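Here's a structure for you.
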C-alpha cells in the first residue's frame, strides 16, 4: 500500500500549481466579475482568459485529462497531453478545481473533455480531423445535448428526442436542456443523443450525432440560470432541434450505439468532476480558516467561538475521506477498468458533491453575508456542488447502483 | 390548551387566501420573470404588481402585521390594519410567505414592516407624518442600514459607522451593506444606525437616524447578489454615508437609544420571517408532492422510488414541528412580551430557516435541473431560507442565547 | 390559540411532581440497583416500590391515564382515575417519564394501561370483574402478546399464531416475543392475538384472547435483554403457546375483531410513550446541564468548551418542538378522534424516540464513561428511546403512513 | 499510488480468515452466551475459548499486532509475531474485529496489546521477563489503570491518583475506573498511572507503575456495565489503590515519564481499535443485507421497501471512506511516525466510531427487536462503537486536535 503520487504527477502538480498561483489567481476575481456581468446572448471570453490559455498551452499544462497522448493529425505533440492515469490526473484536477476557470484555461473543462474522449475513442478520422483536432488545440468549444426537460433523465431510456436515419441523413428532433457550453462564443459543435430504433433492445436504441452549432433547425431557446448564475462564458442552454438534418457520417460509432459511448464517457468524467470538487472544498475550508482566524466577534476570533472549531475539524475529516475515496476510485478505474470501478464511481458521485455542499455551506456561514454575495467565490462554489448532486445522475440513482451491487451476493443466496 | 386560530384570524385567512389564489397566483410567474430580468440600477415595480397592491388595499388586506391599528394622521381607518395579535398574524404571514411578492402586495414586507413599527412606537408626530403615513399607505418604501461589511454584525457593539451630533445636526459616516430595499424605486427613507457616544454604557452608544434617500453624501455603491439573485425591486445595497447631515430631529427616540429600539424591532420581525418561511416550506413540499406523483422514472412515479416517501414524511414532520414552535413563540410574545419570549424567538430563528433550507433542498432534488433553474420558485426560496440563517442574527448567536438561558439556573446553583 | 394547560391538569401536575420529588426521587437509585441485580426467573417487586404504590393510591395519583373514570364494580371511586383528556394527561405523563418506575408506581405503566383500556372499552362484565378490577386496583399485572419472532411485526397481517375456535373453547398456538410484563411476579393475565379465520377479510381474521398466566401450555421460554438490560420487574418475554385452551368467553369483543381493538389501543398508547420520552429527554438535558456547569476540563467548565453549548441549545429546540407536536397530537385525539389524529400520532411516534435518542446520546457524551455505566440513568434511558423506534411500529412504517396521507390529495389529482 | 495490501499481509489475511471462519465462527454464539451469563466476580474463560487460543498459537496467528517480532527471552520465535507494519496489520485487525472474541483468541486484544508494546519498548529486562514474556505467550492478562471517576480524563493532566516515591518503594493511592481487563481470571498485572512530582513540568509529573493484581491495597470495587453489558471475561473495573507499595523498579521507564509512554501507546492502539470497528461495521452491514433480502413485509423483501436500499448504500459509502482513512493513517504512522500521523490518528478516532455506531444502528433497525436483544451481535457491537466515542479520548478532544492543526498555519499568518 502506498499513498504517494507518482513522480511525474507530482512534478506536473508543482508546475501547475506554480502557474495557477502566479498567473491565474491574481486576475481571476476580475475575470469572474467580467463574466458575471455578461447577459445571456452576449457571452464573450475575456481577453485575459485567452492569454492565460495561450500561456498554459505554451507551458505544456494542456489536455492533462487525456488518458493517453492524443495521436491525431493536426495536433502537435506538445498539445497531445501527458497521458496520465486517472489516479495521476486526479491530483491535478483537484488543483484545477480550486478555480472556476482554471479547467478551461488548461483545456480540461467539461463538457469538452468528455466530448474529446468520445471522439478520440469512437470518432472516424474525418470526425477527428474536423472536430477533435480544433477541440484539442482549444480553438473551438462543444456542447453535449442529452438531458431533456420533459422526462426523467435519471432514467435515460425515457429519452424522447429522435435521431431518425433517412437515407444518408440523420434527422434530429426534440427538446434538450442543460446543454452545457452551448452559449460559449467558440462553441461550434454539439453532440446530440436521440432515439433511432425503438425496436432494438433497451440499450441499443439511441444514437449520438455530431451537429454543427449553426445547423438549420438548431435553436438555443434560452440559457438557464443555476440558482441565479448563468455560468458565462459557456452557460447551460435549452435547445430545440427541429428537423435538423446532418449527413449520416455525423453519427458517432454506430447508430444505436449511444448508450455504450455514454457510459464510457461518464466514468472518467465523474471522477474529474469529483476531484475538482475536492479542490473547491479545500478552497472553501481555506477561506473558512482565514476568516475564522482574522474575524473578531465578542472579543474573540471566530475560531474560538462556539462550535466553529468542530465544524472546521469536521470539514477536514469529510474532505480527507472523500479525497481518498476518489483516489481509490481512480485507481480502480486504472487497474480494473470501467466495470470494476462501477460501484466506486457511483460512490464518489454521491459522496463528493454532498460533502462539498456541506463544507462550502459551513464556509458561507462563517463569512456571513459576504459568503452569499459575489465578494467570495463561495456562492458559486456551492452552486457547482449542488448542481453535481443532479448532473451526471442524481444521488438517488447512484445510491441505487451501490445498493444493487451490495445486495447482489445476498440475493443470489436468498434465491438459491 | 387549544390550537384553533381565533375566529377573526380564520376569517382574514380565508379572505387573504382567496385574494392571493385568485388574483396573485395566476400572474406571479410573469411578474417574477419581469423582476428577474431587471438589471441593477434599473429596478422598477411592474404595473401588475401596483394593481395588486391597489386591490389588496381596497380589500382591507393591508398592514395586517401591525399589532394594533395605526392611529396616525393621514392614514384612513381602512388602511390602519386589523390590529392582530402575533399568533393571529402568524397564520396570515404563512400564507403570504408562499409567494415572493405577496407581502409587498399587502404592505407587509420587510424591512418596511419593522421600520413602520419603529416609527409607530418611537417616532415623533413630525416623523410619523412625514415618513410613517406614506409608508402605511404604501406610497413609499424604506431601508434599514445597520449591518456593516468590515465588522461582525453578529456582535452589534462592533459597529463602526458614526452618528455624531454637531449642534442641531447629526453627521453620519460609514459603510453599510445588506441594506434591504434601498434599490426600490419608491425608497425614500433610510433608517441609519451609528455610534454617537463611545463613552456611554455598552448598549447606550448608538443612535437611529432617519435619512432621506436623496440626502447628499448617501451613495448606493452597488446592489449585492444573494447566490445569483438581485431581489428586485428592493435589492440589498452597499451604501456609503459620507458626512451626511440631517437635522437632529431626525433621530428616532433619543440619541444613544438605538439598541432598545432595535431589540423591539427584531422580535416580531423574526416571528414574521419565520412564519413566511413556514409558508415557503409548505409550498416546496406541495411542489415536491406534485412532482413525486406525476413524474415517472424507471416505470414508477418518483413517489414510489427509494427513500422519496420517507423524505416527504420527514418534511411534513419538520414543517409541523417548526410551525408549532413559531405559533408558540408568537403566543409567548403576545402573553409574556419580548423578554418572556426571548428564548422562544431565538429558537424559531434557528429552527425555521434550517428546516426550510432542508425541505426546499429536498424539493429541488425531486425536480432535478428544473429545481435549480428559474422554472420553479425553489431556487429563490432556498436562497431566502439560507439568507435567513444569517440575517437578523446568525444561527450561532441565537444558539448562544438559547444555551445561556438554559444554563442560567444551573450556573447559579454551581456558583452558590 | 392557547398553550396553557387546564386548571385541573396543572393542579394534578403540581401534586404529582411534589409526590414524586419528595417520595420517589430519593429512593429511586436504590430501587433501580435492586432491580438491575435481579436475574431472570427471580424478578421481584422491591418493598419500597410497593410502599410507593400504596402512597400513590392513597394520594389519588392513580390511573391518571384513563380518559374517563372507570365505572367498574369493585373499583372504588378513588381509584377510578380523574378522567383526563389526552392533552391533560400528557403533561402528567411527561413528569412520570422522568423516572423509570414512576409510571408503575401510579398504575400508569405499559402494557397494563393499554390492556385496561381494552378491557374497559371491549370487555364483558365478567372479564372486567375478573381481570380489569384487580388491574385497576394495581393488584395484578398483565402482558400483551402480539409480536412474533418469525415474521415482520411491522406488517401485522403476517401474524402466524393461531386462535382457533373449537366448540366453546379457543385453542392458542404460536410463538410470541417482546411480551412486555410477562416476567412480572404479579402478572396473572396475558392478552394473546392470533389468527382465527384466514378466509375473512384482511382486517377481520384475528382475535384477542385473555389467557391466565398459568394456563397449561403457556411457557415463558426466556426473558430478552434490550441492550443488555432485562428491565425487571416486568421484562420482555419470549412465550410459547402450545395448544393452550381457554373458554370462548375469553375472547375480547368478537372473534376476528382484534385489529380494530389493537388500533384503538395503540393510538393513546403511543401518545403516552411519547410524552414519557419527552420527560426522559428533559431529564437527560438537565443532567447534561448539571454536568456541563460543574465538570471542568482544560481549566473550563465543559459548557464553555467547543460545541457543547450549541448541543445544549439544539437539545432544547428538539425537545420543545417534539413536546408541542405531542401536545398537538393529543389535542387532535381529543377533538378529532383516532381517525383525525392518525397522521399526527404517526408523526410523534417517529419524531419523539429519535429526538430522545439524540438528546440522551448527547448527555451520555458529556458524562463520559459514567454516561454509559449504571452511575446515571442515561444508558437505560437511551435504551428505552431506541426500543421505541421499533416498538408499536418501527419508524419506517409510521413514515409510510405520514407519506401516504400527504400524497393522497395529489394522487387523486394525478389520477383524475 | 497503490491500494493493494502487501503479499505477506494478504497471505496472513487468508490464513486468518480461514481459521476464524472454520474454527471460531461456528462456536462463537455459544461462547458469547456463556460469557453473557457470567455474573461479576465469577468471570471465567470458557474452555472452548482456551482451545481456540491454543489453536491460534499453533497456527502462528499470534501477536499479529506487534510492529516487529518480540525479541524477549522465554518467547519462542513462533510466538514472537510476524512483525507487520501498521498498514499490514490493519487488514488483519479488520477481520479480527468482526468477532467479539477473535482478538483475544489471537492474543491481539486491548489492553494487553498496548501493555505489551509499552513493556517491549520501555520495560527493563526484569520487567519483560516477569510480565511481558507470559503476556506474549498468552498465559496471563493485564489491565491499564489511567482513567479516574472524579476528573475529566479527556484532560489527563487532571489526574488525581498519586505514585509517590518513598525510598526504594513507590506508594500508589487513588481511585481508577474503566480499568479494562481487571476482571479477567488470568489478570495478573496492572499498569497504574499517577502523579509523582507536581513541581515538574506539565508533561513530566506522572509515572507508570507495574502492580501485581494481588498486591495489598488493590481493591476491585465493582465491575462497570457498559449499557447493560459487563464484557466478561475481562470487564471494566472500578479499582481503589490504598497505599499500595511496590518496589521502585516497578516503574516503567523513568519516574515522571508516563505521558511520553502513554502517547506512544495510544497511537497504534487507536488504529487497532478503528480497524476492528471497520470489521464490526462490515459485519453489521452484512447482517443488514441478509436480513433485507430474506425478511418479508407487506409482500416484499425489506430491501425493496422505502429507503432501505439508500441506507445500505450509505453504509457502504461510510465504511469504505472510513477504511481508507484508517489505512492512510496506518501508512502515515509507518512512514512518518507518531508525530506525522497525529492529525490522521485523531481523525480516524472521530470518524470510525461514529460511522460504526450509525451503521450498526441501521442494522439494528432492520432487525427489529432481534437487533436490540442478544439474538444478534448487534447490541454488543453498537455498545463497543459507542464506548469508543469516549475511550482513548472523546470525540471532542480529537476534533480539537484536528482543528488546532488545521488552523495553525493561518494563525501564524494572522499573528505575523
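Note that the chains are named A, B, C and D in the order they appear, and that numbering of residues resets to 1 at the start of each chain.
The working rule: a contact is a pair of C-beta atoms (placed from the backbone, for glycine too) under 8 Å apart; a residue touches a chain by one contact, two chains touch by 3 or more.
None of the values given here were measured: they were computed from a predicted structure.
Q: Between chain pairs C-D and A-C, which one is joined by a greater number of C-beta pairs in contact?
A: So, comparing the two chain pairs, more contacts are at C-D.
Q: Using C-alpha centroids, which chain lies at the maximum separation from subunit B?
A: Taking each chain's C-alpha mean as its centre, the farthest from subunit B is D.
Q: In whole angstrom, what separates the CA-based centres of subunit C and subunit D?
A: Measuring from centre to centre gives 38 Å for this pair.
Q: I'd like the Å distance between the centres of subunit A and subunit D, where a centre is the mean of that chain's Cα atoms.
A: Computed from C-alpha means, the inter-chain centre distance equals 43 Å.
Q: Cα centroid separation between subunit A and subunit C, in whole Å?
A: Each chain's C-alpha centroid was found; their separation is 54 Å.
Q: Where in subunit A do residues touch two or more of the other chains?
A: Counting only residues that touch two or more other chains, subunit A contributes 306-307, 309-310, 396, 399-400.
Q: Can you list the residues on subunit A that touch subunit D in the complex?
A: 1-6, 87, 285, 289-290, 292-294, 301, 303, 309-310, 312-314, 316-317, 320-322, 324-325, 327-328, 331, 343, 347, 350-351, 396, 398-400, 402-404, 406-407, 409-411, 413-414
Q: Which of the residues in subunit B come into contact with subunit D in the complex?
A: Listed in rising order, the residues of subunit B that touch subunit D are 306-307, 309-311.
Q: Looking at the complex, which residues from subunit A come into contact with subunit B?
A: 147, 149, 152-155, 158, 177-178, 224-230, 295-298, 302, 305-308, 364-365, 368-375, 379, 382-383, 386-387, 389-391, 394-396, 399-400
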